[in-house]
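Below is one structure. I have some questions about it.
By written order: A, B, C and D. Residues from 1 in each chain.
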Amino acid sequence: MAVIRDFAFQGAQMLLVLLLSPLLTGFVRKVKARLLRRQGPPLLQPYRDLVRLMRKEVVLAESASWLFRVIPYIIFAGTWVAASLVPTFRSGLLFSWSADLIALIALLGSARFFLALAGLDVGTSFGGIGSSREVMIASLAEPAMLMIVFTLALIAGSTQLSTMAAYMVSGEVGLRVSLGLALLALVMVAIAENARIPIDNPATHLELTMVHEAMVLEYSGRHLALIDLASQLKLLLYISVIGCLFTPWGIAPPNGGAAEIAVGVATYMAKLAVGGVLLAIFETSIAKMRVFRVPAFLGAALMLGLLGTLLLFVSRSL
Amino acid sequence: MIDALTGVLVIPAVAAGLLAALPGYRLTARLNVLATLLTFLIAVSLFAVEPKSGPYLLVDDLNKVFIVLTTFVGFTTSVFSASYISHEIESGRLTPTFVRFYHAMYQTLMFAMNLALVANNIGLMWVAIEMATLTTVLMVGIYRTHEALEAAWKYFILGSVGIALALFGTILVYMAARPVIGEGLEAMVWTVLVTKAAKFDPALLNVAFVFLLLGYGTKVGLAPLHAWLPDAHAEGPTPISAVLSGLLLNVALYALLRFKMLLALNPVAIAPGPLMVTMGLISCVFAAFMLYRRRDIKRMFAYSSIEHMGIIVFAFGMGGTLANFAGLLHMTMHSLTKSAIFFAVGHIAQVKGTQKIADMGGLTVTNPVLGWGLVLGVIAIAGLPPLGIFMSEFLVVSSTFAREPWLVIILVFGILVGLGGLFLRLNTIAFGEPRGPTAPAEASYVPMFAHFAIVFVAGIYLPPALVTGFQNVARLLG
Amino acid sequence: MRGLSFDVAHLLAGSLVLVSFMQLYQDRLYALLNIYALHALVLAASVAWQAFIQDAPHLYLTALIALVFKAIVIPTALHRIIVRLGIHREIETVVGVGPAMLLGMGLVALSMVVMLRVTAEADPLAREDLAFALAVVLLGLLMMVTRRNAVSQVVGFMSLENGLVLAATGAKGMPLVVEISVAFSVLIAFIVIGIFLFRIRERFDTVDVQALDRFRGERR
Amino acid sequence: MATYALYGVAALLALAPIAVALAASARASNVIYVASLLVTLALGVIGLMSLFERTVSIATLPLGLPWLGAHFRIDALAAFFVIIVNLGGAAASLFAIGYGSHEESPQRVLPFYPTYLAAMNLVVLADDAFSFLVSWEFMSLSSWALVVAHHRERENLRAGYVYLLMASLGTLALLLAFGLLAGSDGNYAFDAMRASHPAPALAATVLVLALVGAGSKAGIVPLHAWLPLAHPAAPSHVSALMSGVMTKVAVYGFVRIAFDLLGEPAWWWSMLVLAVGGITAVMGVLYALMQHDLKRLLAYHTVENIGIIYIGLGLALAFKAYGMPVAAALALTAGLFHVFNHSVFKSLLFFGAGAVLNATGERDMEHLGGLIHRMPQTAFVFLVGCVAISALPPLNGFVSEWLTFQAILLSPQLPSWGLTFLVPAVGALLALSAALAAACFVKAFGVTFLGRPRTPAAANARETDSNSLAAMYFLAALCLVAGILPGIFIDALAPVTNALVGKSMPHQTGLDWLTVVPIAESRSSYNGLLVFIFVTLSGSIAAFAIHRLASDKLRRGPAWDCGYPELSPATQYTASSFAQPIRRVYGTTVFRAREIGEMPPPGATTPARLTVEIHDLIWDAAYAPIAAFIGYAAERLNVLQFLTIRRYLTLVFSALVLLLLVLAIWP
């Protein structure tokens, strides 16, 4: 009986993230438009785009290989699985222990790996630009992310998201410098990972400044749809991670009843909304930086993460 | 009834006379081989029945090994020299008269070395070594080219000085022994000396050892007394290079060891160790560096002989059973390996018509057997397993490092540098694009590979008899 | 008698050292050869004296060899050679005479020091003799080192060898002395009238070692 | 067991003369490779058996040092490495059955190949210093012969030369280490060394020597210089062995000395090892990123992975020194598991490179591209290898690095300031190297297999033969299995860690869903199987749904050319241009990399060119000066060959006077 319920919750979680992610993107776009005093596209626009893309036929470059056609599914699956393992409204998901935070990051890493390969597959120079820049960014973002994980894991004594969330909510954490550092670094990494301003501009189509868009330049139809959906999932995932680690309040305990579940869902929505608004504000208030300023930005994140870890180690051995 | 001891002396002596008389190089070459073979067989019989030592000749664990080694290498070298000489005659570098002279000298040399090994009398030993030197001088000069004469002359002068110094040392030893043992022959007989050595006058012994070290050290080729060695190896006929590196150095070293034993037995005398260690290290490192700028293949391997003599002397200088054992093993392995290398080099030089390294290349392509033979030899001489020298180097280094870390590090440095030098040249000789004439060699590979086979086996398995013998000697050497 | 024998032996040995010094000082080949003859003469005398006081008759043979062979045959032969080679004018030394003499002094002193450390039970005569002999040996070597001409090098070697014989005869009752001196005479014979000078003369018109050095292997 | 293993080794050695005998015949290579395949398989089975039945078996031969004999021993550690060696050996032999037929000078490869395998086995089996060193140096020697097999290229000879020198340096260092352990009376048997507990200072010296000796063979920075030269020079299946297996044998040597022979470690050893490991990892991958020779890139990656392994070993040392056996077991397991993984996927990748080399005759990625169309299967297995080595789930490379991270997360419990600061830094280095590795293999795979062919050679490549493919598929499958069922392998390592640090990781295979739980489930867990199933399921569901519900129409069209018609393949991103952003971020400091662009004035017809110069600072700082010194000294001393006789006499004379003076002033 309990098993079935757990399965149900796991399934619900997977569907939830899948359905919410376009909405979140649409919401962010909307807010940004509002901030720019524009009407902006309707909230549901992303859904429409996806559906339309799905319907369209795929135009494939002659030089594209079988890998090129497989990659969108890999990317989508990897990201989706990663997203579905993050406790959103209820901790203690059935399969949450099948991948801890490190594994989660690695999953996203493999998604990125294949995306970069896709950029190189067709053999145009734009894809090359995109992939080479992407891996350069990743080569800094991933260590930073891992440093953040170290910090949190050392505080929570675990890399298991459910456990970490439970520990954070238990309140015995107190306020720690390293936590602040970690949060700051995590936000920076999240921005970089999701190709948001100031690292990359999701809306641009000027090749020379593109990173993410350049890689997917050759994609069309359902493939493009999957990749877009994957990136939306990724955004959602990062916001939920931040939410469940730094604002773990409201998440329903594993054995929680209907009421707690309801609270959990509600708080989760709220967190997403807040995250989206903050992101939009940040993006509108800052300009995109040159590609080769990015290392400095991410290097700062890495340093912050390392600093947080070091402080912790020191405080431990005191 | 002549016993084995006199046998190893008589046969070469008779053969020398015979060969001097007989014309025709083919026959004499065969005779030469036969004589050396006989000598070798008789020497082997020493292990079976050990004749008792008289006032002039002795046989014990120490020299038994050396006699067998000497006669064996002498035999294989004579086989090699047969094919070598025939080629020299055809190419007109040697005339039959000189070949006759050469063979006579070869036997004389054998006689002299055997005498030096079996002599029970320090004076006799000295005479024998002088004789050996003179004969080799004559053979080095045999080509009568400018270089050969110059090498021989250099060898002659330096050698004579060495002889003189050694004699002075010998006299001093006698002086030291006389008060204890009394005048006359007794005071020059090994077997007597070693029994009484404890009571000798230490100061005299010290001075004596200095002179002996320098005198016989010149023959061993220790730096800075080595000058004659490279040129003598390079300019003489290759069989002689093989005998020089493989045997004569050993014989001189053998003499040195005898005297070291004497000093070791005397409590008050200075320890000969430090002197030998110093000279050994100098020779090893110096020779290792000298390998890099060599253009003449034979001269290069001559320098490598100096390096190995350095290692051996270092081992004996450090003393201790293990180190001495290693030293003895290294002497044996080195003489086998180095002579084999010279067999290969001799044929290579004949094929290529030159000794200049720059003019040979890609031997493993043009003459696979010779080429790989040389590669094998260099591997062996560089002290790489599974060949014999690795075992001795292993023992030398590992047994002394705990005692004298810094000295051993210098030694290891020398070994490494030497290895670098050897392989640097090997790359050009054996590998790469073939250069120079590529005529197939008409050569007898038997001696070379016989040596390599022994060295290889010894690298992984030593017969117990040999081991016990060496261990006894090592204990004697203190 | 004891004292007298000691003094005479001492005198002769000392004079041998003196003659070595004269050789070191002399830089003309002719004169050098004459002095070498003198050197051999003194050696013969001292050997004979040793033979007398040790009443070891076989030493007389050694003395005879020294007298006939070294003091007469060799010098004359060398005279011939240098005349034929036309290098009898004069010999240039590497080190100036003065420094050479100083070095020689130092060497003599050194040999004294080394030998006098020998404990006294080796009878004084032997010690003195050894000291002088060592000095002669070292001086001979010094001479070989400081001369550039092959003939003078040979002379140096021979005086060195005289020192050896002195030591050998000084060593009381040493066997094989005669044999050794014979062997050495053979050696010297090799050197002097030996193949080398001939061959060398066939090929180059000089015995100057530098001429030989031009043909060392690895240059070119 | 040990006896049977020795039989196997003997069989391998016996193959060498057969190879020489067969040199003429065309079927020689098949005979030799099939035979060595069978023997290595048998040896691998022996290894497995002795690992699982957990017995120590010894054998002694009357060889080696006469008074000692040659001792051989299979304990858990040896068994594990026997498996590694022969797994790699078997795969290489299988691959070579096809690959070797293209060898132009087989008689220079065949005799040494089986001896090489035999030597590596012997190193692992040896139980006394002498047989260990003989096998060790024999291993170097036979591989040297293989490196110079294609001796007509100068750089191969140079590679072999540098390799042999470094190998001998390492051997001599180990020789000194054993000399210290054995003492001057020579107890060369490993048992005796275990029994003797060396003094701290001595033990430290031994450790440093072992680090130099084994490290120079494993390729730790800065002793790595030979590795990227020698590994690519050999035929590809041998490169696979050198990179995938021999470096592991070197690791074995270090583990044997540091964990087994030396007894209790001191805490600061671990600092040394950790620092070396971290630096090696990052430097290795950075070097690799700068390469455009495929095989050399792979060789540099070996350096990186060795660094990762050493990080694991260093952590294990630290935990062991502070008496935390469970944590030590975790760290050691991580290291050894990575040993296994790396041997698998590095062999796989080198096979792939070899297949490419055969098909195109090119090692230079700038001349390749688009091979995925011509050789799809090779491309697929190579891709698997790339994913595995980039430490991406669900393949095996990720698991071992994940375990290493878990070990690092345990380190705050270490009561030592130095480690407290070092370990996080090392963790950062590890993370950095992992990310860079991914970047590097995007480059390697993308430039080699994707895009459009850059040369006719690449355009006309042909898929490689079935034997080679079989070998590669086998290894690829192994990567997957080890990735999704790591528990089996971790449990298999339990006896090893038990023997070396006294404890082992909790039993894994019993857990439901085959999860991996290093310490406790609440702490961290990973389930490769589930992740794999999830990803495949959701991916295929998505595909199915879309093709059913939406459209599955597809049209081929020209790539977006941005308005420039028929772009030539030269306009694609090359290896170096792909690396340019990273070179700009890291290279400027690490390699003093500089880009010099020459733009001709407007109207000039000369082409604009961009030249990139990169300095190998380690070589310039460490190796070049030594070489220069030796050359200088040799030149100087060489004068002594050209003195006059008189001068030589002067040498003798002064030596004599000197010694007499010594006597004169002797007390």
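Heads up, the rule we're going with is that a contact is a pair of C-beta atoms (placed from the backbone, for glycine too) under 8 Å apart; a residue touches a chain by one contact, two chains touch by 3 or more.
As the structure is a prediction and not an experimental result, all values here were calculated from the model.
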Relative to chain A, chain with the most remote C-alpha centre: C
Averaged-CA centre spacing for the pair chain C and chain B, given as whole angstrom: 31
Chain B and chain D: spacing of chain centres that average the CA atoms, whole Å: 44
Euclidean distance of C-alpha centroids - chain A vs chain B, Å: 78
Interchain centroid distance [CA atoms averaged], chain C/chain D, Å: 69
Chain C, residues touching no fewer than two other chains: 114, 117, 141, 144, 153, 209, 212-213, 216, 218
Per-residue multi-chain contacts in chain A, two or more chains: none
Set of chain D residues in contact with two or more other chains: 641, 645, 649, 652, 656, 660, 663
Graph class of chain-chain contacts, one of line, ring, star, complete, other: other
Every chain pair in contact, whichever chains are involved: A-D, B-C, B-D, C-D
Residues on chain D engaged by chain B in the complex (per definition of touch): 62-67, 70, 129-130, 133-135, 137-138, 141, 148, 151-152, 154, 157, 160-161, 164-165, 168-169, 172, 175-176, 178-180, 182-186, 188, 630-631, 633-635, 637-638, 640-641, 643, 645, 648-649, 651-652, 655-656, 659-660, 663, 666
Chain C-touching residues of chain D, taken from the complex the two chains share: 641-642, 644-646, 649-650, 652-653, 656-657, 660-661, 663-664
Touch list for chain C against partner chain D, complex: 94, 107, 110-111, 113-114, 117, 138, 141-142, 144-145, 147-148, 153, 209-210, 212-213, 216, 218-219
Chain B-touching residues of chain C, taken from the complex the two chains share: 114-115, 117-119, 121-122, 126, 130, 133-134, 137, 141, 144, 153, 157, 160-161, 163-164, 167-168, 171-176, 179-180, 183, 187, 190-191, 195-196, 199-200, 203, 209, 212-213, 215-218
For the chain A and chain D complex, residues of the former touching the latter: 14, 51, 54-67, 73-74, 76-78, 80-81, 84, 95, 97-100, 102-103, 106-107, 109-110, 112-113, 116-117, 119-129, 131-133, 135-136, 138-143, 146-147, 150, 153-154, 157-160, 163, 207, 217-218, 221-222, 225-226, 291-292, 295, 302, 305-306, 309-310, 312-314, 316-317
